[in-house]
């Protein structure tokens, strides 16, 4: 034994003169700025997407309705309620929060005698830590639980695509589609916003699972025109996509197109995948006027139910505005044919070149069939009615677009001015650009709209693409006069538009007369909206119908007019939009089924 | 690692040899050769450190996969010797004589997967559970969530809503979201 | 009785017990052979019946022990609140925060909180998080050995609603089904500061005369016992562990 | 003189052995006493129990009982997504939780093929957090050995200093004990401002503590008396019992995963794991004390060598739909207690098929402890357990 | 002096010693806490603990013998107080000391231990039994050097009376036994370490081995009695060595200071040393202190 070993330990006692290191007042001591304490939620920013619930491994989070928060497009009206009998404060919910509204504060003291008290909705149930700033927030930099940027879509270059009407969006490859589908958080907020309420998270999941047939079935549950919608849908879903709150929204439309593109254009295959081979006939007949999206949609869902469908098309091919309004470079004809062929294969009879009201009357249809659906669409162009607009070189965009499709001769001048800021205006602008390019080798086209750049109704990408292709787009000017010299159109005189609507939200544009410009052009194309042609309704029928504002036929929620056998839907009821038309068609089909089976 | 495997593969008729990297490999060996191979690896190939004995339930193949994981402290590499045994009345030769800690693993596997190791000491004793009457708890077909819910009464008064379904009920209760078909079989 | 007789008797009894053991193999029994009810031979040769489980403990139910009246009880409650002796039984992962609590940084001693190693001398029980059924059995035993008045602090999510082990086959979800709990502290696990806040709350309760959960346990004894027995399948101990 | 006071009894005759080699201990013979240490006992490490059969004050048989902390992690992780695994797994060992996080993260990365993409910054931060975890474990463990002999002052200092490290953890990771910092793909935050300065202050205090603990423990006559020659692990046992880590190093077998199979950035650090040859409690304690010095040094090296900025997480698939193809892997690291490994099997779904954790205590606390306790006294049980650093949750998971 | 007045003074003295004992234990614990770097319990904590223990409602018995533990222990404490002069030269505070009281005190030291052996044994907890077995073994080992030291003093002062021994030490520090008979003094001080029951000789309660030894089953009022007799015993053990070695006390202040310092001495050692095992402890007492004790006797015998 070493004697040193007996005395060295006593050095310990030197500590006795040092002050204790104890924390004076430990209760409520401030935790570190990054501490993962109790939850707080900015309920105004939160959209109730439920990703926090999905990632919580303890099932600690419930989504509950909250008073004062309304369910609306892009906001489920639900807010996370957290059970502190489950939570483990891992903060995965914060890290994945799509809106960054959910955070943890560095407060950590909660003592209670009641075990049922530890359940609360952050931000709604007021807590002492709601005002605390410090606490766990989503880490930076480059820390993401899902992809923030969209997988870029491969497109033809502007120079290339303006050469022809070939579809320029190439579509996703398998790898790209899966990568894009992987970004989805499967919240389902988009479903409500989609007019057809498609099962978007489900078909995106089908892409991840590489199960295209399942994806196809999900698509056809609500939308019988996936090829078409996958290209030209106005994708309202993407506007509310929760991934898009911080980052790029998911390209839902391209993913839909990806699924539809994977299935070969073979109606037998379609029938096999969608289990529609042996639909039983129920011996009832329905006539459908028009072959646009709403008509096709109602035809599809009615024939699934066993109805015998006859469709009447004025033009030589089916598709309505989709074929005759939308240029081929956006929606190639084989895509339209693919969707329509399948619907036809279910036993739908389409009678082409038959104009109802002229070749056959509505009453006849009523007699021959149990019910009639009319989805006749908006095929009449509206005029600006400015001086000179009645000149023969002033055209309507709908007419020109239809002519391009039917192959009729389309007048193409060296300089073209287009009036309008909607998608149709962009379509005609870009179609004319292609025609100019083909005829003259150069593009010289000016598009002007009343609306300024930021409120232009056209899709942003359309505008950008049009500019890339060499079109000049000058928004914010109101046309005043088509200038005519020597009986020839030479240009369009415009004024700067200051505001479009007055205080009462009525259309009443105000102009700045000092800012006047003249757009030179040999022809002017008006594209400021379309009107409907209801000439097929006889006077008797019209008497039985109720009309609402702006000449629209009044229908109930199920698109049934006041003549019970007559249903109307699509653009003539809801305004121009493909996906709305499809939704109308589906709803009307179900209503027709209900109507016809009431006696059963 | 490769050369060791080359040496032993013909000897033990190994199937499904997978080399993960230079330091890790997994081999599948027949049940009756397994303990012999483990002994051989210990005595002649320098795998003197026994790391782990584990079991994986491949319920879809109706097999249990036993794993003997050995470490070679000299070459610093790991070999996993896998044996597939039947899922019904699983049984395996005991290896408790090779290393002193193996009987613990065998006792655990007996409790967790119901595998019998005849001759292993204290094999029938409880390991982690006490008074367990259900099926072995690590088998895939034992549903722990169901068991917990039935046994331990979770606190009531909680309910949740799926955003998509909730929005549908709120915003468009009448819009059809599935395609109805007039068919017999659906 | 001669020695020979005794030997014979022992032999006979051993055979009998072996038979019993054989027959019981078929159905799962949890009573340890040493604890089985049996006959033993005393050194003087007489035969004694023993039932170890009930011989060592009385199976009597607990009784309510009413607080005395008025000022005396108030004074005692003050003393109780300022001298909380915690049973040193780390039942779950929350016990890792007990050492910091009792050491220089947080120094709970200055608030009258001390650790005791035996349940007989403790009056507070910290259930530090999840409880596996195996531990619950010991916890119940320890709790019942604590003299009244006694208090239970439940730490963390696990004691409230199962916490992150809500789906585990081995851990309970709600502590209040099995033991009366005075104070719950949220967290996973609660920091020492929160734990101290919990103790302060407990002190407040005791001073207000609300720390009477031991009597609640006695009152609802049958209900608690039924819940406990539902999950502790191998109940090889008396109903009440005094 | 010492022969006179040698109380070593002759155990060759009794307890007798049965035919199958087990002990013939008849409790009714009144020669033996059965004593349970634990689970409610301040002298066991964690919530476990040792069932002792005593002849007088001497242990003739010991059985370890575990399962009091069993939560069925391996079953629960099979029910959780890959990203949800780490908050669950971290609770498998409360003494040094970060090791579990790392293993889960590493296993998923290896199996999904992202292990090469982990940013360098994240790797340094992972290493820092692992070394800090080792440090806080040692701060409890080294004086804890003296604590088993009722020399509690060192424990008090150690736990205080551990708390300072926990404060640094809190700053870095957002939590005191369950850090949940290492996530599949990277880590969950950069160093906060001024972290290195505050860390250095703490390390200085720990330097001081290291000297004091040497004076208190290793230069202490009675500590030596209690620990030298007690609980000896012969070198031959290392492979026979699967002994790893400091316990193996204390009997002269130099095994350290950080050196043998370097992971993270350990190759860039300059260190040599300490060893001893005696294999007794004192030697294990001494090795751990030297490891404490080394860990402080390693943390200093890491803080000096790590980059200032960088990405903290690789670009990974969406965590909600992350799938990993079928595969299996065994990953290990050197925890404060020794080689800590995880066998991870995936089957192509979004949840693991099997996760098996191999903690060093699995052998240390059962096979080895039961063997070592035989022939010792009740007073040595706690000391032996602590010197082996047994940690029940990693046995039963 | 009237026996009743004397009894009253003795009771008052016991009350004083009890309170001083409680305060002292708190103070010593606070000092130890300070070495650890913390504040420790408040000064008044022992009183509250005592009250709390009395306020415990459940009282449970393991049989008649179970009661004897605290009773014997308390009797031991009272006995030690009763037959040891607290203050030298004071009629009121010299209690019932008489010629040969040292022998009785030595017996009373063991008395409490024996009572605990009975009571703890009846309690049935193995920790109690192991603890008490250790306690008795160690006490036997302590008694040998202590008795040897006392015999040396008896030879030196030719008396077995406290009063006489203290009287012989009056008149300055140089007259204290520790200086007049250093070898016996050291022997007794080493034995004191054992008698005080702090580390390295705290085998009886031995936290983290057999927590907490004999009193494992005692609770509530029993524990209160054990606690109070424990603190009285600590003071009186110190008073024993104070009287034997450090010249006794002539007033309460001196009593308090000296008993505190003697107690502090054992804590001073206890804080920095771990605990012996029982055989180490016994062997240790058989080695150095016993040799010194024999030496002390031999010096005065020849």
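When the chains are written out, they are named A, B, C, D and E in that same order, and each has its own residue count from 1.
Here is the rule we use: a contact is a pair of C-beta atoms (placed from the backbone, for glycine too) under 8 Å apart; a residue touches a chain by one contact, two chains touch by 3 or more.
It should be emphasised that the depicted structure is a prediction, and the values quoted were computed from it without experimental measurement.
S.K.: Going by the touch criterion stated earlier, list every chain that contacts subunit A and also contacts subunit C.
M.R.: The shared contacts of subunit A and subunit C, listed by label, come to B, D, E.
S.K.: In terms of CA centres, which chain lies closest to the overall middle?
M.R.: Measuring from the global C-alpha mean, the nearest chain centre belongs to D.
S.K.: With chain centres taken as the means of their Cα atoms, state the distance from subunit B to subunit C in Å.
M.R.: 35
S.K.: Taking the mean of the CA coordinates per chain, how far is subunit B from subunit E in Å?
M.R.: Going by mean C-alpha positions, subunit B sits 62 Å from subunit E.
S.K.: Hey, how far is the Cα centre of subunit C from the one of subunit D, in Å?
M.R.: Measuring from centre to centre gives 29 Å for this pair.
S.K.: Roughly how far is subunit B from subunit D, centre to centre by C-alpha average, rounded to an integer in Å?
M.R.: Taking the mean C-alpha position of each chain, the two centres sit 25 Å apart.
S.K.: Mind pulling the residue numbers of subunit D that touch at least two other chains?
M.R.: Residues 41-42, 67, 70, 72, 75-76, 79, 87-88, 153, 156-157, 160, 178, 216, 220-221, 225.
S.K.: By the touch rule stated above, which residues of subunit B touch at least two different other chains?
M.R.: Those would be 128-130, 137, 142, 144-145, 155.
S.K.: Name the residues of subunit C that each touch 2 or more other chains.
M.R.: 88, 103-105, 107, 110, 117, 134, 160-162, 164, 166-171, 174, 188, 191
S.K.: Which pairs of chains touch each other?
M.R.: Applying the touch rule to all chain pairs gives A-B, A-C, A-D, A-E, B-C, B-D, C-D, C-E, D-E.
S.K.: Using the touch definition up top, name the residues of subunit D that touch subunit E in the complex.
M.R.: Touch residues, subunit D against subunit E: 5, 7, 33, 35, 41-43, 57, 146-153, 156-157, 160, 216, 220-223, 225-226, 377-382.
S.K.: Over in the complex, which subunit A residues touch subunit B? Could you list them?
M.R.: Spelled out, the residues of subunit A in touch with subunit B are 48-50, 53, 61-65, 71-73, 76-78, 83, 85, 115-116, 119, 187-189, 191-192, 197, 199, 201, 220-222, 275-276, 278-280, 282, 301, 304-306, 557-558, 583, 586-587, 590, 593.
S.K.: Give every residue of subunit C touching subunit B within the complex, in rising order.
M.R.: Subunit C residues touching subunit B: 28, 30, 133-134, 137, 160-162, 166-174, 177, 230-234.
S.K.: Where on subunit D does subunit B make contact in their complex?
M.R.: For this pair, the touching residues of subunit D are 22, 66-67, 70, 72, 74-76, 78-79, 237, 239-242, 244, 255, 260-261, 328-330, 339, 341, 343, 345, 353-354, 356, 358, 362-363, 366-368, 371, 396.
S.K.: Tell me, which parts of subunit D touch subunit A in their complex?
M.R.: Its residues touching subunit A are 80-81, 83-84, 86-88, 153, 160, 167, 170-175, 178, 180, 186, 188-190, 192, 212, 215-216, 219-221, 224-225, 311-313, 315, 317-321.
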